[in-house]
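When the chains are written out, they are named A, B and C in that same order, and each has its own residue count from 1.
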Amino acid sequence: MISSLILLILVVLGTPLFAIIASSALIGFYSEDIDLSVIAIEIYRIVDTPVLLAIPLFTFAGYVLGESNASQRLVRLTDALLGWMPGGLAVVSLFACAFFTALTGASGATIIALGAILYPAMKQAGYNERFNLGLITSSGSLGLLFPPSIALILYGVIAQQMDLDETVAIDQLFIAGLLPGLLMLVLLVLWSMYRSVGDKIETKPFDAAKLKSAMRESLWEIPLPIILVAGIYTGYFAVSEAAAVAVMYVLIVDVLILREVSFKQLPAIMRDSMILVGGVLIILSVSLASTNYLIDTEVPTRLFDFIREHIDSKLTFLMLLNIFLLLLGMILDIFSALVIIVPLTLPIAVGYGIHPIHFGIIFLANMQIGYFTPPVGMNLFIASYRFNKPISELYMATIPFMLILFLAVLIITYWPALTMVLVEG
Amino acid sequence: MKKLIAFINKLEDTLLVLILSTMIVLAIYQIIARDIFSEGVVWIDPFLRMLVLWVGLAGAVVATRTDNHIRIDILTRHLPKKLQFYTQRFIYLFTLSICLLIAWHAGRFVLSEYEYHTMAFSGMPAWISALIIPVAFFLIALRYLVLLFAPVKLPPVPVPVQDIDEIDKDVKS
Amino acid sequence: QAKTIKIATLSPEGTYWMKQMRAGAKEIKEKTGGRVKFKFYPGGVMGNDENVLRKMRVGQLQGGAITIGSLAAAVPDSTIYGLPFLFSSLEQAEKIRKTTDPMLIDEMAKKGYISFGIAQGGFTYLMSVNEIHNFDDLRKQKSWVPENSDVALAVYDYIGITPISLPLSDVLTGLQTGLINTIFTSPIGALALQWHTHINHVVDMPLNYLSATMIIDKKVFDSLSEADQKTVREVMGKVYRNIDSQNKKDNIAAREALIKKGVKFHKLADADRAEWKKAGDVVIEQMRRKYQYTPALYNAVTAGRHPE
């Protein structure tokens, strides 16, 4: 009890989370009289998890894409495709951001790379400043439910650690995330259209010639997502193979053919991307130990028994879960939340008859909002840094988007079929 | 001293790049061998899994250079400057002790793998494959020791890791 | 005073295996007046067999239910039942094991692992999309091999095949996409993992014999009173005999089920059969040199190899 309190103080003082998680595991094992080298045995279990290979590879591929001019081409292409709609540019931003985040991971790259193009463009087109800021900031996490989302992979890895009746395959998670992700996108598109009508933004006509030239320009990039998605969904590629294909593809296209990224830049890109991977994997590795302590002492089972005593309906449980996850998203980043909270909550959710795949999508949908929820949503800081705006202004700007995505989260939570129909179909 | 740190930085960066490059080459080679020539090299997959551990922990070591680790930073920013200074030192001290503790016990684990002749995969003893754990945590502890006495100037907001280059320049100058 | 023995296994909760072990644990608790309790960690939550052994070494776990071969590093003899083309029928295996199980269990005890009996997992068979009779047929296939299977690798090496190694979790997708078209597993495994949906033909010649056991750290076991040790041995011995005979029935049933689903089992012609057996001879000799089997055990186990 006292040790938890001390750890909590250390957390709010800004101690690296990996150190907090590691010390909670060390304290736990010590109190159970278990040899502390168990922590190394658990960290070493990273090598027993084949799918983790996808994380460094996809992250690196995403960073290379981020360094190339793919973002500009993507915006031009979506603009030619969707620019004619009411609120065209806003719709373009949403689709482009979702797409870019899915490919590069929600690492803030979207806000930095796409924000630089979209923010001034929307400003010029006459969009309200606050709407503009809110849209870019909240779109930075929009691709989280689409493949090859690293958060989805990580959830699958953690779920596979537990002894569940249902299997949680990563490719199934990718399929499950499609419709919920689209729902979020569609709701935001509707809101943007509505706002653009209110702001009296002009629409422009569809231009076939422009589309043709934009497509020719993106000739090399269009196949990549098609290959990845088709490869994963048909089962032709394992997830980690798809990641290797993505790396091979961006290296050939962006370094050899288009020459937008030079060989000389690659070492720095590699290092920067692996710093991000290191930050995630060190947390994952020590959390294997803390999870193992929980399993050893049967905490999830006892927690479930306790909750079961007080909550008897699945609906009440889901409601409390949503509130809990939203609060959690406010203070924890998505990777830490996954590794700390999923081992505790997933067995309980399964006990209430929630499918582990559905639970994963609920979890990530909630956490997606956390990316721009005050006080510590990471994308708020990145946007404030990138656009040089006070953070309080961003708090206000993102509120409508938060509400809309919350509506989406409610639909995703209480309508399991939306998630499961493609998986079971 | 600054020269030494710059050299170590360079060494770590090079190692990180080397590990990732190896992973990329082997992963792509394996796909071509399997899908086109229908045969695979048996040791590549387990070796790649080992390298995931290595690249992750090596990345974490490099991230420590700028204390670029995921944290919940609600309170510190609002503390008075002086107090910030002391809490930060305290956190460095705490983190470095935890890392040393892990490094020590991971060292015992590696030793026991050595004694029991466990194999990670064909031809690769588990103790070599696991050696990165004590080494990385020891290096992270060392990094926090440096930060404890000579903290780098950190960027005003968390993330953009690209800024690590700026800081490297600071170190060199 | 009371002793809690923590046992981990890859076997999921709810399997016959787990039900039997839990029933055994309950009986032991009652018979020892609560002095010996078991706590189970099923479904691989403590990691794979190797991790279970690591955790036994540091004392987090006191035992595990594992495949026998995973003890290879500590007890080289434990790999002996997995030798290729060793037994030709479940009955023959059973007969030989009557003498060799106690010898193997003794060797394990010498290295600090107390076992209460060995449970079979049946034979593995070569299963393929295409019909296979001889090595030439096999060379035309895309064969899968599990990682870390030195026996299988040695056999393929002898035949001159570079197989594709995939983790167990990727085999089904590999079969679906045609990355591989030939695998080997037991009839139970083929059904449980859904691999059978992509299999048309089976070479009707047992490849190797699967077996598993429950072990307890000798130090822990020795700390029990002699009476309690006897109780644990009796009850868990009975549990493992039950599992052993149930697994035999299940494997025979699984084979029938495969045939009913249209999978064809092909008997080998004598000439082909001799060719396969020869591969077995070579690889067995390789493994004998690698693992330095206890001579008495080796002789007893291989006694039935060439009965004709």
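By definition in this document, contacts are C-beta pairs under 8 Å (C-beta built on N, C-alpha and C of every residue); 3 or more make two chains touch, one makes a residue touch a chain.
Note that the structure is a prediction, hence the values are computed from the model and not measured.
> Give the label of the chain whose average Cα location is farthest from that of chain B.
C
> Tell me which of A-C and B-C has more C-beta pairs in contact.
Of the two interfaces, A-C and B-C, more C-beta pairs touch across A-C.
> Determine the centre-to-centre distance between chain A and chain B, using the mean Cα coordinates as centres, and give it in whole Å.
A distance of 23 Å separates the two centres.
> Roughly how far is chain B from chain C, going centre to centre by Cα mean, in whole Å?
Each chain's C-alpha centroid was found; their separation is 39 Å.
> Give the residues of chain B touching no fewer than two other chains, as numbers and ranges.
45-46, 109, 112
> Which positions in chain C touch two or more other chains at once?
Only 54, 58, 167 qualify.
> Out of chain A, which residues touch more than one other chain, so two or more?
Touching at least two other chains: 35, 37, 41, 48, 50.
> Can you tell me which positions in chain A touch chain C when the two form their complex?
Listed in rising order, the residues of chain A that touch chain C are 29, 34-35, 37-38, 41-42, 45, 48, 50, 161-165, 169, 171, 234-236, 238, 292, 295-296.
> Taking the touch rule as given, give the residues of chain A at its contact with chain B in the complex, in rising order.
10-19, 22-23, 26, 35-37, 39-41, 43-44, 46-50, 52-53, 55-57, 60, 108, 112, 240-241, 243-245, 247-248, 251, 266-268, 270-286, 331-333, 335-336, 375-376, 378, 381-382, 384-385
> Okay, in this complex, where on chain C does chain A touch?
6, 12-14, 41-48, 51, 54-55, 58-60, 167, 169-170, 173, 176-177
> With touch defined as at the start, can you tell me which chain C residues reach chain B in the complex?
Against chain B, chain C makes touches at 50, 54, 57-58, 73-74, 142, 145, 147-148, 150, 153, 162-167, 179.
> Note which residues of chain B are touching chain A in the complex, please.
13-14, 16-17, 20-21, 23-24, 27-28, 30-31, 45-46, 48-50, 52-53, 55-63, 67-76, 87-88, 90-91, 94-95, 98-99, 101-102, 105-106, 108-110, 112, 120, 129-130, 133-134, 156-162, 164-165
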